[in-house]
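If you scroll down you'll find the structure; I have some questions about it.
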Amino acid sequence: NSTGSSEAQETKKTASGKTEVVFWHAMSGDLEKSLNKIVDEYNKSQDKVEVKPVFQGTYEEAQTKFNTVAGTKDAPAIMQTFEVGTKFMIDSGKIQPVQKFIDQDHYDTSQWEKNISSYYQVDGKQYSMPFNSSTPVLVYNKDAFKKAGLDPENPPKTYDELKAAAKKLTEKQGNKTSQYGFSILNYGWFFEELVASQGGLYVDHENGRKGDAEKAVFNGKEGQNAFNLINDMYKEGTFYNVGQNWDDMRAAFQSKKIAMFLDSSAGIKTLVDNAPFEVGVSDLPVPKEEDRQGVAIGGASLWMSKGISDETSKAAWDFMKYLATPEVQAKWHVESGYFAVNPKAYDQEIVKKEWRKYPQLKVTVDQLHKTKSTPATQGALISVFPESRQKVVTGMESLYQGVKPKEALDQAAKETNRALEVGNQK
Amino acid sequence: MSITRKWTTYLLLIAATLVLMFPILYAFSISFMSGAEVLEGKIWPSSFSLENYRDAFEKVPLLHYLINSFAVSIFVMAGQLLVSSLAAFAFVFIKFKGRDAIFFLFISTMMIPWEATMVPNFLTAQKLGWINNYLGLTIPFFALAFGTFLLRQQFKTIPNELYEASQVAGISRFRFFWNVVLPVSKTSLVTLGVYSFLTTWNMYLWPLLVTNTEDVRTVQIGLKQMQTQEISTDWGVVMAAVVVVILPTLLLLFLGQKRLQKGLTQGAIK
Amino acid sequence: MKKVELVNIGKSYDQKTNVIQDINVTIEPGEFFVLVGPSGCGKSTMLRMIAGLEEVTQGELLIGDVKANKLLPSQRDLSMVFQNYALYPHLTVEQNILFGLHTKKISKQEQQKRCREAAEMLGLSEYLKRKPRQLSGGQRQRVALARAIVTHSPICLMDEPLSNLDAKLRAKMRSEIRQIQRKLGITMIYVTHDQTEAMTMADRMMILNGGNIQQIGRPLDIYNAPKNTFVASFIGSPPMNLSNVSIENNLLVFEDRRAISMSTPHSNLNGKKEVVVGVRPEHIQLATNDNTSFIVEVDNVEILGTETLLTFHMGDKQWMAKWNGQWNIKVGERVPIFIDPKHLFLFDNDTDSCLHYEPSTEDLTVKGAFV
Amino acid sequence: MKKVELVNIGKSYDQKTNVIQDINVTIEPGEFFVLVGPSGCGKSTMLRMIAGLEEVTQGELLIGDVKANKLLPSQRDLSMVFQNYALYPHLTVEQNILFGLHTKKISKQEQQKRCREAAEMLGLSEYLKRKPRQLSGGQRQRVALARAIVTHSPICLMDEPLSNLDAKLRAKMRSEIRQIQRKLGITMIYVTHDQTEAMTMADRMMILNGGNIQQIGRPLDIYNAPKNTFVASFIGSPPMNLSNVSIENNLLVFEDRRAISMSTPHSNLNGKKEVVVGVRPEHIQLATNDNTSFIVEVDNVEILGTETLLTFHMGDKQWMAKWNGQWNIKVGERVPIFIDPKHLFLFDNDTDSCLHYEPSTEDLTVKGAFV
Amino acid sequence: MSAVTKTANSPVSVSSNPKEKKSMPNLLVGLSYLLPSLLLFGVFLFYPMIKTLYLSLFITDTQGNPLKFVGLQNFSYLFTDPNFLQSMKATFLFVLYTVPIGLIIALFLALIANEKLKGIGFFRTMFSSTMGMSVAASSVIWMFMYNSTIGVINKVLNLVGIHDVQWLLDPKYALIAVSISTIWMNIGFTFLILLGGLQNIDEKLYENARIAGVSYWYQLRKITLPMLSPTLFFIITVSFINAFQTFGQIDILTKGGPTDSTNVIVYSIYKDAFVNYNVGSASAQATILFFCILLVTALQFKLGERKVHYQ
């Protein structure tokens, strides 16, 4: 079906004769600063390749953009795509699997963290280069814990504990709530993770890894647990609706509007730096401790466009390899909170030093290491993931309107099915 | 006018101005505030520091975007003026069969929602290689039914005798268009120009679609990008960028307000 | 100086009805020819066909013996002055005057020379650098005139060029245009709906009504011998008084049974018993003791400084009399009237055409006066 | 029927310069009073001050003996007819006529009655349901008039109500308006820049120039005894001929050294040696053998059916003569002229005011004619 | 013709030459002036419009190439899809909130700014100023004002004892919030047009009313509004069309949420086409939108034109 011609594009060169590699990403704020620093260092480290990072908005916006230009000369050489875009990228036919370069280069992938790289492997083929992987964590305000008489070193682990803690943390002035106990961003990823951490699947066919997914199954018991949690807490008045914007959520935490919330490990460094109180980080809560299966990775990986010249591809591959070196990964980990793709990075001195300063960073790494590898924690593979996420978000939002959790979930599942059906006709 | 009526009118005018201008003034005010002041929800900054502006220019290449926006707006303005005036000229000064039908066709294009054509247009732009360059940002907007309509109304006020006089004198049609019709319609051209400039400058969805490099991005997209990137961290900087973005158009509007009003209504109604 | 000939000219805008028809006339070289008629009668249409701005749909147009039906306006070698002057508002007077002259392949020098000459002739020399809007109506008129003059075209067409001027200026421009036309000797075709203009300016004039020629001739001939009631009432101000009368013996009897006598029985009345009688206001005189035609009751008096207009009823119509001097007459006063039978016009009440008039024997010349 | 009195009225739009000043006049109840003057002289301004549409910045305005400077327009109990009629295009003729009548607390029945009456009087009865755009110019004019009439206000103001009509219609409406005013007996203040209108309609008129009163009086008095050159040339058509002359003995000597004699030496010339002489065109006669004043070369001849206009040079000016009849005179012909000294006007060449004229002894009445 | 042929040849030949020059018929000349417009309209309006109609009958790949003909399936699904129905509802509510209220406010402003007062030019400039405000900039400002914790709107509401409202997160308020900001953004343009319309009304009509002594409201009803009706008609039509096509403020303020409460059709089209890659469905929606606008405009013309008075 694809229109992507096999004709290779010309290699773009910079004024100084370096091969230009355009790199689209979705890293904003402090993350963008760190990324730019790394790119800068890379550009300075050699004289053949010049990487040009371009911010393209959120993951969703960036992927939208990529889709519009994929296969044309306007497409970037390297594209950062969030984990749920994996299937879409593979199906698009507009990318070259990095396996090709791994093979050509005899690159040793065993140095990678298995839990991460396996997400981007389909049928034994490595499609994209893992780069920034994260997991969801519970972030909380230690000062608020103390004030509420809770143990800041013993954050809630189960839903019940979470509810109880949230109740204590919720502060009212008159009938105006000045501090809410808990919040979850209206974003599909958190729901997916809450389901996965209980071992629940998102779609059928083993989360789409044993064949194209046809049916959403996230409205099962695990999904209902998650929705019930939100619903119950919202009804109790301990849950705050922060909307869909990551920044708004973090702002709400920093301004003490919420005492606990779920965040990506990628946000932790900035949070700890900026919060006017002590920040605690803990594992994702589960309904009951025995349910705990670990988490699926989040974040994003780097994809190589198809249709770019060999020279550009090589240059891009060189940059990808650079990013995977322990030194760079170490720096990236401590500055962003993303995992090191290459575990050797954790041995680097700066990591050790930073972990002492920011013990919170280690929590996320540990959580990943504790994860049991199952189809649930490997994450779902579906091409219409972004669309499905919108449906789930609408489901979450409808909870605040008094819709029953089960109904909301079923509706989201039904609409996801429709999206799958349409998607599978393509 | 009686004294009481005069003063109630003034009162209403001032009240309406305050309400209407508040968001703009508020943006100005915030653009000078430090992050802490913003979070405290102040209305007025404690000091007028230009730091936010410096940051804004540092964080995104605002200056570059401004230049792009200027280039695109000027280009579209010139294109619209030329294309619309050519068409309007034909509608007024050249009699031919089916003229009214074509005019109706033109007017009907105002009814087609741009968004309904967005997808194929994007594909067209892509095929033409117009993504990420000025062509894609400008040429699709050169033909403007509204502009043609506005100028047609203006051209109609040019006495037909002028045209006939030049026919008798043996002046070519194009020369008449260029040397008489255009200069005589200066006011309307300025009106349309200001209008085109403003609308192009403020264009949002299309540039969002067809630009993805900093080289050609316009300032509105820059603003949106800044908003995605910076909002929680620094409203002050974002507002500084807002101010930078709105200042040129506000100035243009203030300067051209009288003409704009004259020209717009002339074209719109009569 | 070129002849313009219209042969069976007709015009239809909609391919169905003719707005003018059967126009046959030859305008002689150097003649000042006026087209006159009420609004909508087709004057502009005819002029515009001559100019080439409107297609000739019937008949043949010859300009200087060349068939011109299909020529472009610019190929007809004529100039035109429009009602609203059609000055280019953004150009200076000078640029206006010279606009289009380049198409005639005239050297810059020659252009300048012509412009200077024309400006001088029309007293525009000091205004050459102004824009039209900085000029008064009369000055604009002159610029339009100058623009026509500099082309040195042998034919000039004018479409109601004075109708936007006030009465005083109009009178002045009338003689100015006439003088220039004489000086340059161009053939002038001039459209107006104002009979005074037609009377005072024309060598010959054509009176149009509803697209048909009513009469062509020298102004005084038309004034003195109008072919029909339309011409009679259109030419002359105030217009000729007209009423239906029946002929009884030698008397013309009005509807209210008042009567005036005819001088002699007229043979060419074809035995008609009902006719329309016409009398010009200036021929209704105050009766002296012995010649009263009848007595009228005055409806209105208007004293215009040197003459007095009286309005009164005759039959079913209001008539007007024009007397010299300032008459102290009150509304309602009864006044004896005398109408000399030799001043009577008689028209056919069916066809409106003139049945009888007595040619004027007056021949006022300066020499005659000295005799 | 109310009196309107202006005492020392002045007006300034910008608080600096006055556009009119020192206006003192009393308009009598039931009078038809015309304000006349060239464009921009302040006629509309004065009328609008009387109407209350413009603030009076100086002096006192009395309407029916009540000080009205500060009254609202609606409190002045007057009606107004505007130049472009100011009809409401979206309302029918009837609605236009009745617009605002409800504020006068008039019953619906009475409103209908008045509307019917006014419409009948003005021949509008069949058009009551039409919109203004479906009416001709004259009909619109009448609607505006009707709207003024139905208010039954004792004072009616009109600002150039006829200037948009063509000549014939204008003449007709002139007498129509005059007749209605007489019939209703209202006080009329009427603005025009057309001297014919002023002459034929006014009981009295005020001639304004540059915001100053030039003369107030009955039309004929003004015509016969203009106070200054402005009035002399403004009233009368063609206007009075004026030239600078020097007085040498009993002769008025023109710049080209031609001369005419004065009848007798005038005492009130204050020993002035340079004056402006004025002669009305109708007073320039063809000389008979023995009384030639001088001989002129004719520049232009215009024959208007019943009269002939001759243009010739006198000194630095073009003069005009108006003769009755159709004169067969060629341009360039030399004609002997006679000017009766009793028809000479003399004006001060510094102040322009009239130094001398001879009151007309003519008294044309019908009775007189019978004697 | 015969009359001419016997005269000398030369003038005849002279006169026949130019005839050839004239051979370019007006139609071609006219079209050549219209060519740029027609070409651009063709390529960027008519062709895509038709393409959209065509695509609405297909399932497409992610980049909008038709894959499979499905007939009216896209439409039939849409009409049963609660999300789309919600979009329709949001669109109509949005139009309903923004057009009449915006118009009334702008009319009010135009009326008070039409008085002849000292310094009125300043107020006119202020009132028209939102025309110079881009959607992006305005939306960012309003986004901040709506912020439930630090935004000024809640601060003011708190002062009068009203609770924090989650303007953009609460489906009850989100559409209203977006509407308010939209009204604000559009006021400048609407105001300018209406003011121009008011100034075109002959002053004499009011002077006559002053002499008649009718009240302000009577003048407003009997003179101003009828005389303004062509302008009103124009601006209502334009406002409707604009309202149906609103995109920027939705994208920045709410992204169609919460629970699709602000997911107006245009935004839904954008999401379907560019985020979910259902170009077929997006095209079907675009088609429906087109007919909605057509319908409303036609209705407007049918109902409105009768009440409009043209001079």
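Brief remarks follow.
Each chain carries a letter (A, B, C, D and E) given by its place in the written order, and its residues are counted from 1.
What we mean here is this: a residue touches a chain if its C-beta (ideal position, glycine included) is under 8 Å from a C-beta of that chain, and two chains touch if they have at least 3 such contacts.
Worth saying up front: this structure is predicted, and the values here are computed from it rather than measured.
Shared contact partners of subunit A and subunit B are E. Here the largest set of C-beta contact pairs joins the chains B-E.
Among the remaining chains, the Cα-based centre furthest from that of subunit C is the centre of A.
For the pair subunit D and subunit E, the distance between C-alpha centroids works out to 55 Å.
Centre-to-centre, using mean CA coordinates, subunit B is 14 Å away from subunit E.
Each chain gets one centre point, the mean of its Cα atoms, and the points for subunit C and subunit D are 27 Å apart.
Each of residues 63, 150, 274 in subunit E touches at least two other chains.
Counting partner chains per residue, subunit B shows two or more touched chains at residues 39, 122, 209, 224, 231. Residue positions of subunit D with contacts to 2 or more other chains are absent. In the complex of the two chains, the subunit A residues touching subunit B come out as 22, 24, 28-29, 32, 54-58, 61, 65, 68-69, 72-74, 245-248, 250-251, 254-255. Only residues 202, 204-205, 207-215, 222-223, 226-227, 229, 309, 311 of subunit E touch subunit D when the two sit together in their complex. Residue ranges of subunit B in contact with subunit C, taken from their complex: 159, 161-162, 164-171, 180, 183-184, 186. Residues 1-3, 60, 64, 67-68, 70-71, 88, 92, 175-176, 186, 241-244, 248, 251-252, 255, 257, 384, 386-387, 390, 393-394, 397-398, 400-401, 415, 418-419, 422, 425-426 of subunit A are the ones touching subunit E in the complex.
Per the touch definition, subunit D reaches subunit C in the complex via residues 166-167, 171, 174-175, 178-179, 193-194, 196, 199-200, 219-220, 223-224, 235-239, 280, 282, 286, 288-289, 299-300, 302-306, 308-309, 311, 322-329, 331, 333, 335-336, 360, 362-366, 369-370.
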